[in-house]
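Following are the structures in question.
In the two assemblies presented below, chain A is common to both, partnered first by chain B and then by chain C.
Now for the complex of A and B:
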């Protein structure tokens, strides 16, 4: 369903609920002219919305309702309970119509007009007939369920109305349900209605039966046999079997003529009054609503984000508790306990995935704010920029979306400010005057990629180099690689903008962007070509909260690395090891030389004696690999990402922390930092060479 | 103004100017921290070392699902650390919106400290540790040194943990 349609239904459901609440409030309180105004407004906007969507029947009905309300409003008449009841039915009718438009398209309901007629009649002071439908809540006799079996009636099979009132005192031998099941064997129960007449609590007898059934029953057997069957099964019960003048085309097969059985279904009255045809039609429609309404409610609901966040936190705690439970297993653990733990693990994982799915939002929620921003920023800078958006349907965790808002805003501003050239410069360079910024999102390999690219002037690497020299980061004779130069852009204090504008260029941009993205467990990379444009790629995990991790050990310490980054685990002893200049270490993994990072060194431990059992974990991110030397593997587990910054500080080299099964804390390694470390030593030595 | 003066006169001064402090022993001295800043006292559980953190940061622990840092009081004051035993505790405190733990050899008491008798710390300690102290007070026989938790945790200094 497209989003406009969904929006319509969401709003419609809210309006229906609003109308209902107003009406219900009215029942318990003083009639208030303001209520009519509120209802009028609802009907009015409903009419407009449904007309806009092309739902003629809905708009016609709500138009009628609006006109009726208009009369009330003008005359400042309070709502009578009788009218309130009818209006509640009208609300139900709107529900029916909504449900129909959803499932069948723009079809009406035959009872619409009758209901409107009735409402108008009451408003105009005509008491056409006795109150047809007392409010269900005040009626002592309310059917609580209606099941309608689709009529697959063989033409001509006689139908009967069966009224079955079990004996006032239920004896245990008779089970009404069993009886009904039996009936089904001898024929077909077309309709089954249940009526309950439950007295006030103080009069309630626990062994008494307060329910009765009314069936439309189709059977080839004689009425006498049916009656006998029922009586036999339920001693002391009151059973009536009456033949129906079945008209196969009639949907409900409930004749209105029968004096005892004209009880209007659903709206049901204890002693059914004779009813006119419109009323019956209305009531039937209402009956249909109740079965479809339950379906309609499940389509979409609005839940506050706090509730979902609370749920997610709880799931995180369950994941931790689950891993505690799993790690508490020993060789002596009972087989049944083991099985239960395994099963629970599966369920917890699924629970997590489902709650996660609830939190996912299309990235359009974020992207939609940019066209306006681009327009305003470009206008301010006297540039012409068009924004292209792609992949806005890509779904992302809500918290991530929010966290990405600032970095993206900054990147786009930068692109307009530094990337896109002024129109005349573009013209001189043979480019179209209007620059293009492309914002796209896609998912790949369990990560979300967001790309901001422009067709502007690209990054002037020479100017970056000069700036780095000026800042004392490199010397005049240093010619770092392009990638290193791009890295400088993300360093604190770096800004190449010749003029500091109020939009960007204060040198507190890109480093903050990088830090923000990294704190989300993501990374950012740049590609640029002089005169052609710049492309910034952000990679973020699908979710912040929970991820699969691989436990690594070094000495007696335990670290976690995201499983998505792990390529393979190898025996260190089996690999060819090279050390350039005694320092820059690499290992040969099937012909490919990969920089080696020693975890011991990375976490500030002294180097141990070389051990035959040491392992290599090959990690990859952004097509760059490093080999991480570790002591051992501690297994794979789901980890809940916890912030180190919340109560402590950001620790460079680590993306956060998690709580292990035994309650201890383990730090989560930041793969991009590990890779940077590996590459840095490589480059340092490459430049020396 | 009049009402304020009146109310101070009706109340006994001792009640007015005391605050509850958690007091404990480090080495031979008795120290105190405002009880209001103390969230809880826990038995010490081994902390996870944080690479490149200063030596007085023992590491991080799990406090009901939150990660908090634990600082060793002895190391912070330049004293040699003691091996932990059953009486080793972590006092969980809150300063500046952040929660952290302070490892102590033991906690001894909660005392009412008469605030008007608190004197500025005499320059006994080195300048480095001086800033951890907010005053000294004599309560009966005991001399209690009051600590400034904000300075002890010093989040700004920690923020510059090098990679």
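Now for the complex of A and C:
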């Protein structure tokens, strides 16, 4: 039952999000009958599912909502802003009730009735000048037969054709007849056909399952729940659930005797029993399966995130074991063993990529929650804001997506609160009254880039400077670069907001945003132009789990840098070197001066005598380069990222740690931080000069 | 004892009582094999049977097929109404009796 409940919540959450999106789409565009229908279906399914789980209050509320939406659907009414707001509040109410069922069970909320009354009042107010259609189930005296028929159709419980091939092995827990009996607790079996393929006793294995069933089944549950009921007891069951029309007809019923010849016994619970030959029955079943498959219904399954995480952890361990095996090779290793290790490396890499792909989700999963937030926040602040979303199909690790939710929420709120000007101010500045916030995502160089930009007033760098002076971070005589000033925004306690609102301006938030993004191995940067807008760019790794790295050595220590950041490796001795003020160093790489960062210094090791064999690794991120001075290269390898923050403490300059093939721990360098230090050092000295 | 077998000169009579779960299916299978070792017309009395695991149902199907292949009939007594409804709803009763 726990699994069923989890399925219910998963589907319910999806439906709530779906309802919200449909409402927002309706509000912003021309009413599309199909979209309104979708909205109605969400409410209808929600009502049925929650009733089936015993959540009567939730069911009653969604029933009332369904009735209201039925009027919208039938009358093709425009969704007024007032009605849209009320319906969105209703979605919030569903969300609240749903959450409360987890801890309090079947509970209601006194505000439900009031909200439904408001919704109905708005709808009734609009219908005063035209004949009012009955609101289906809430109106007891449905006047015409047509409406009665329609009411029956919409109120009728959905029917499905269920094809059930039990798991091949029977056990105490796995009794197909018992599972079918349990199915009756969640709906009604209208017809049932049994395909027995039981051999004579001489060939019978008593724990093998012979036979399958095909049913016409009526239930308020979603198909996934029906499937789960039959699949839960044993692995290997094949269940197809294909929607049928609500009303029983020749189309919906299983084939009748007229369509087939008699041979295989069949039972119709609701109608006289037709019969069918095994061949015809198999053909029918196959056709049903094909139809289902073509609709894509059975092409995906719901798997708990715990299972995927466990699989990912196991793959990580395999990567480490494989790395150990590779490093254990010596010159004497047998050629066949070498070949086997190489082959295994290839397979492990593919396994990793495939498991990784399971964890990836489109960013729309995250982005879809923002239209509602933008709408509500803008309304609260009396601003007009349009949200444009791009690249929502870009895929990102699920863990990262969830971790990015809060930072993005804060950035978007900030953009509305501080960036976008009030309509009057925008008009005066020759801008359209409605401001635009763009939220886009794309993948490049093995990283995901998420951009939040607005066409608002931009960052007032002089105000930022004054605030920094006020905070004692700089003096009146300091004129830091724009980049440094933008960095102040991400410092704890910094806020230029003159009024503290409940949305932003408390000086907390941007520092938390930065810390959160950095804890994901990512970084954030700002570009802004006064009067034109601001662009915030978040860079995060594609995954937190495994990456291709280049092993670097200084002294006896091993470090890893992401391979995607490595441009080239050069002999240090072959390059021209420039030093300023004994500290700031650059190297000339084919005419390009690149800041030099000594890894020994960076990790706090004492400087060694200059060695002719020292190497330079040129690292690049977002068109910024540094030259990292190292002792040597330890080779390229796949590494499993382990969080320092979770296992130890957060260490600035390091994105995490990993276990090497020989069992030693190596730290993974944070390329953003290396570049930042290299560039900051350059800037500091340039300013002094 | 959920499954018992009585044999006369002309026929076997297997009586099924109470509930036959998956664990009891082995006993039913043993009885079915005994019947096949000395095939005769067979009566299955399951009037006092209240529930049966699908594994047990399969044994009855298989026994009937084996006996009929050798020219012997199998007769099933009227089952308990609840069990009948259970087997009938999912097509099993009709398949067992008609085929």
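As a convention for this text, the second predicted complex is superposed on the first by the 391 of 689 C-alpha atoms of A that agree within 3 Å, B and C clash if a C-alpha of one lies under 4 Å from a C-alpha of the other, contacts with A are read in each partner's own complex, and residues count from 1 in each chain.
The working rule: a residue touches a chain if its C-beta (ideal position, glycine included) is under 8 Å from a C-beta of that chain, and two chains touch if they have at least 3 such contacts.
Owing to the predicted nature of the structure, the values given are computational and were not obtained by experimental measurement.
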First (chain B), second (chain C), both or neither touched by A:202: second
Chain B versus chain C as contact partner of A:382, first or second or both or neither: neither
Touching partner for A:591 - first (chain B), second (chain C), both, neither: neither
Partner chain(s) touched by A:192 [first = chain B, second = chain C, both, neither]: second
First, second, both or neither for A:430, with chain B first and chain C second: neither
Which superposed partner A:105 touches (first chain B, second chain C, both, neither): neither
First (chain B), second (chain C), both or neither touched by A:472: neither
Partner chain in contact with A:213 - chain B first, chain C second, else both or neither: second
Residues of chain A at both interfaces, chain B in one complex, chain C in the other: none
Chain A to chain B touching residues, read off their complex: 316-317, 320, 557-558, 602-604, 642-644, 646-654, 657, 659, 663-667, 673
Touching residues (chain side chain B, partner chain A) in the complex: 45-53, 59-62, 65-69, 98-100, 155, 158-159, 161-163
Of chain C, residues touching chain A in the complex: 21-23, 25-26, 29, 32-33, 36, 53-55, 57-59, 61-63, 65-66, 69, 86-95, 98-99
Contact set on chain A toward chain C in their complex: 170-172, 175-178, 180-181, 184, 189, 192-194, 196, 198-204, 206-207, 209-211, 213, 264-267, 269, 273
